[in-house]
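Chain lettering (A, B, C and D) follows the sequence in which the chains are written, and residue indices restart at 1 in each chain.
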Amino acid sequence: MPGRSVSFYISLGVVFVYCAVALFAPAIAPFDPFAISGSPLAPPDAAHILGTNDLAQDIFSRLVWGTRATLILGFLGAAISVALGTFGGIVSGYYGGRVDEAIMRFLDVMMTIPSFPLLLILTIFFRPGIYMTAVLMGFLGGLQGVRIIRSQVLSLAVADFVVGTKALGAGDGYIMARHILPNVLPLVGVKFIFSAQHFMVVGIGLGFLGMGDPAVVDWGQMIQRATQNGGIILGLWWWLIPPGLAVTFLSLALAWFGYAFEDRINPRLQVMRV
Amino acid sequence: MMHGACTMIDICDLKTYYSAGFLHRTEVRAVDGVSFGIEKGETLGLVGESGCGKTTLGRSVIRLIEPTGGRVVFDGTDVTALSRKDLRRFRRRMQMIFQDAYTSLNPRMRVSESIAEPLRIHRIEDRAGIDRRVRDLIEAVGLNEEHLNRRPYELSGGQNQRVVLARVLALEPEFIVADEPTAGLDVSVQAQILTLFRDIWREYHTTCLYISHDLGVVRAMSDRVAVMLKGRIVEIGQVADVLDHPCHPYTRLLVAAPVDDKEFSCPVSAGAPAMVEVRPGHWVEATAR
Amino acid sequence: MRAAYILRRLLYSAAAFGISVTIAFALLHFMPGDYITQYLEQIYVIAPPEIVRAYNRVYGLDRPLIEQYFSYFLGVLQGDWGYSLSYSRPVLAVIGEKLVWTLVIILPATVLAIIVGIVVGAYSGWKRGSKIDLALLNGMIFLRAIPSYWLALMILLIFAYYLGLFPLGGYVGLSALDTGIDPLDVMNHAALPIFTLFLFSVTGTYYLMRNSMLMTAGEDYIVTARAKGLDELTILRKHALRNAMLPMVTSIALECAGMITGSIFVETIFSWPGLGMLTFEALKVRDIPLLQGILLIDTLLVIVANIAADLIYPLVDPRVEVGDGART
Amino acid sequence: MTTEEPLLEVRGLTVGFPTVDGLVKAANTVDLEIRPGETLALLGETGSGKTVLGMAILRLLQPNTRIEGEILYRGRNLLSLSEGEMQKIRGREIAVVLQNTGTSLNPVLRVGDQIAEAVTLHRGLRGGDAEAAAVTLLDRVRIFDPARMAREYPHRFSGGMRERALIALALACEPSFLIADEPTRGLDAVTKREILDLFSEINPGRSVLFITHDIEAAATLAVRVAVMYAGEIVEIGPVDAVLSSPVHPYTRGLLASLPERGMRPIPGSSPSLITLPPGCRFSPRCTRAVGRCKKEHPELVEVGPDHDARCMYYD
């Protein structure tokens, strides 16, 4: 399937470009993202290639700096979510019995509470910075991850090779680390990519709802400013469009990468898909 | 009571119950009071239809499933009384081979890693020693060094079962429970694997509990045979005795013996079911009237 | 048996609701800084202590925590969900009013998304690997990756701002001041939010249905049906579709939680006066009792969806004995 | 008896599955005839192509499969029929009992309805009549209390009962030709015997292609036996001749592998169906192979009355 393989590399490339922009933001951005660098609401010109906002800040510079916040929200959130989900899922699925029962009942209850409204309330009260926001999202997302990993571990835990290794005299820790974990890693990888995509979108959504970290530039807050302060009424596309387009493009690249990666590691799906 | 002097495994009134259901908890008696012994170097065949409790019995004997009651004495050691830690160390001496070789091997491990794993778990050899042992073992089961770098999905069913055998033999176990190790294999591959098993068990003087639903295989592989029905052993004895002169009605059904054979009729018990010796070494559970 | 099963699910959901009440309470009362002070800070630069005390007394914040908890819990059960700071009205009354408007857009969007998602997903999965399937699949993946607020914003810009086909926001035109609320006018305002929510939700249903159909199409009983001499359409209709729909029942219930999230963004952007925009406004002024109430009503919506799925599932899958858990 | 016109004749059937690694040649120029009223056992091991052959007859293979050759049923080539014409033959003229009994019945439909569906389709019976026919069929395959079981869902059936229900389904329209794909696989000894008894009882005068890897089952049911190896028929003949005095080295090896017949294994393993060995396909494992066996591909030649084998020694 060459098509899938091409999309795999292209999407991976796009993600790398975003990472590079985030890393070298100070070098790429022509202005301080918070500084007043011209007249407010100026249309694009040579100095401000995307014009300025109502506070006369350079939109392009803010866009570049905003990449950092987006990637931190996505990847830190995904890392925490996946770590929690993997750990919880393996413990719950492998030990089974009462441990599993307790974890699953707890999750059942947590799953009944819609996570985004819960996240909003948590955000209001913790008033988290961007890192804490990522941690919060990761924690809530990790609860769902536990279920997904667990369902895979349940079948692995009774697989002959696990029972056989137990019969060899191996301890539980050894079996979980050497036999269970490597077999759920591909799933964990896929989950990581899709979680990163999801948390970027949600994190920027928080900014859009006014729950962002005021100390950092993020695309969500940029969209919020543009929509709330006249961007739509005045039809200032260079103010409205770039941050949303940036997150949409990144989200697409990650989604594409995720599906291509899933195809790669899952030969059964590959056969079935095409 | 049913075995000679040099008993390797002595199973006494072994019980394994499961409970299922949420509102209406029901108890399934998978193994319901089983007693027998296996002598050193002997292979005991265990036959019965699927769901009769053969697999549970096999796993309970080596405590891969915790039995509900009863005792298993292994060469003088009460396995059922071992602590978890002691049990893990003791596992070197007793091993298990499963029906599906492919799922018995971690799909992400190379053959060499799979065979070396038991040696590493028990810290038996150093690095070089493990390498040497792995090479010896792969040859012993009829494969060669080029197979060592493969993964299970690159091997056939028969080759995988050989790898499983090498992995199990690495610990030089004295007792092996083989649970239908050739059930999924073709006849010609089955013959290869079974002859290999037989030769190696003879060579190592391994004691074996061989579980199968195939009477032909059991006849070829075992010295004695036990017939299991609904969690109980209903007939046990020398292979030829039991399969050629079955007494219990179920055994007779299994081997398709003529129904009205008066000579080998099943003993009848007035009270609770009990084992009766119909011929030397051939025990049958008396049917209740 | 059936009654016992339903009873158990109900008890279970009640427990979940109770815990979510507890969480709402705990979050709002154990956190640093009490919300009255925070709220009053927005009105006064420095709140006069008498006013703070008066508010604290009305909201019961001067009583011991455990007492507050029980009175809050009892209040919730009796329909007293507290008093909104910004609306100066009972929370439940505010929510009840807004919930209706949210349902006006969520229900049609969900129903439409389920029907279209299932039909298109089933077709795509049945014709797996075909050009149409791949085009649909890639289109849906594309659509799903677009953040809901961005999708809403783009739809608003294109259809309302540039093309001028629909109003820019709100739920009624200015003429409503004279003539009262005209259903046609409301529908005109609701069209874009419904369309956006539909797009947001249909991708999930499609993807699940397609995957489910892929699994089903490979099953042996499909070969059996073909070996009987049935034609493809009958096999799809009688044998494949129903089996493929089984996993959808529970998945659709889960999608409801997603709809709540989606509606927050969509309503905010379209200024649709439902629960979502209420959430946005409550966030803006930090109206904690109202947010508490919103969390509870959202939880209730999810619970209702789950119970519905639990009740429907045994009806469509004969293997689920009533009395076993419907989901694993 | 060879003078009688065959009911079904397979001529030069070649089936290939395109895969990432190359074309899997699952069946290679297979010639086979099934005579009216006979049970022919198609004996072979995993990957020998026996199931593929059975599925090819009913054209139930995946759409991307490459099929060449002819399958003549009552003189009509099934491979050149339209899909609509083929649908009229499936279930009515030629029926099949699939392997994987556990998953071959639709879990959300009542067993009786699944049988009635075929009855309605081909016999035109509707509603209550079709249901009654389904109950009669279940009764015929010895399902206890058929009227009640017809209203049950498949998960209530044991393995043996599902096998019976599938047989009932296949018999629904009294097909003149029945393909049974491994009907005894995974069954207990006692259940297996019952199913074999049922087969011989319900099929008097019907042509049956009995696909199996079980030599004992083949000996019980078949009149003739065809042995497949690596996608081709290596030996075919009357059941007694093939199973008691086999000619082809593979057949001999297979029989000697049986625990009851000494359990002497054939060395080596079956070849990859993507890169088949040149010459005789069995030559790499054959103890009697000579230089010629590795170069020339042997044809089926007559080695006895109605008994053919594919081996150089008889050329």
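Note that a contact is a pair of C-beta atoms (placed from the backbone, for glycine too) under 8 Å apart; a residue touches a chain by one contact, two chains touch by 3 or more.
Since this is a predicted model, take the numbers as computed values, not measurements.
Colleague: May I ask which two chains are joined by the most contacting C-beta pairs?
Modeller: A-C
Colleague: From the C-alpha centres, identify the chain that is farthest from chain B.
Modeller: Chain C.
Colleague: Roughly how many whole angstrom separate the Cα centroids of chain C and chain D?
Modeller: So the centroids are 54 Å from each other.
Colleague: With centres defined as the mean C-alpha position, give me the chain A-chain C separation in Å.
Modeller: 21
Colleague: Can you tell me which residues of chain B touch two or more of the remaining chains?
Modeller: Expected reply: no residues.
Colleague: Can you list every residue of chain C that touches 2 or more other chains, as numbers and ranges?
Modeller: none
Colleague: Which stretch or stretches of chain B touch chain D in the complex?
Modeller: 49-50, 156-159, 186-192, 194-195, 213-217, 219-221, 253-254, 256
Colleague: Taking the touch rule as given, give the residues of chain C at its contact with chain D in the complex, in rising order.
Modeller: Residues 219-221, 223-231, 238-239, 242-243, 246, 316-319 of chain C touch chain D in their complex.
Colleague: Can you list the chain D residues touching chain C in their complex?
Modeller: 58, 60, 84, 87-92, 95-96, 98, 100, 103-109, 114, 117-118, 121-122, 153, 155, 166, 169, 172
Colleague: Residue numbers of chain A touching chain B in their complex, please.
Modeller: Those residues of chain A that touch chain B are 159-161, 163-171, 174, 179, 182-183.
Colleague: Can you check the complex and tell me which residues of chain D touch chain B?
Modeller: 45-46, 188-191, 193, 213, 215, 253-254, 256-260, 263-267, 269
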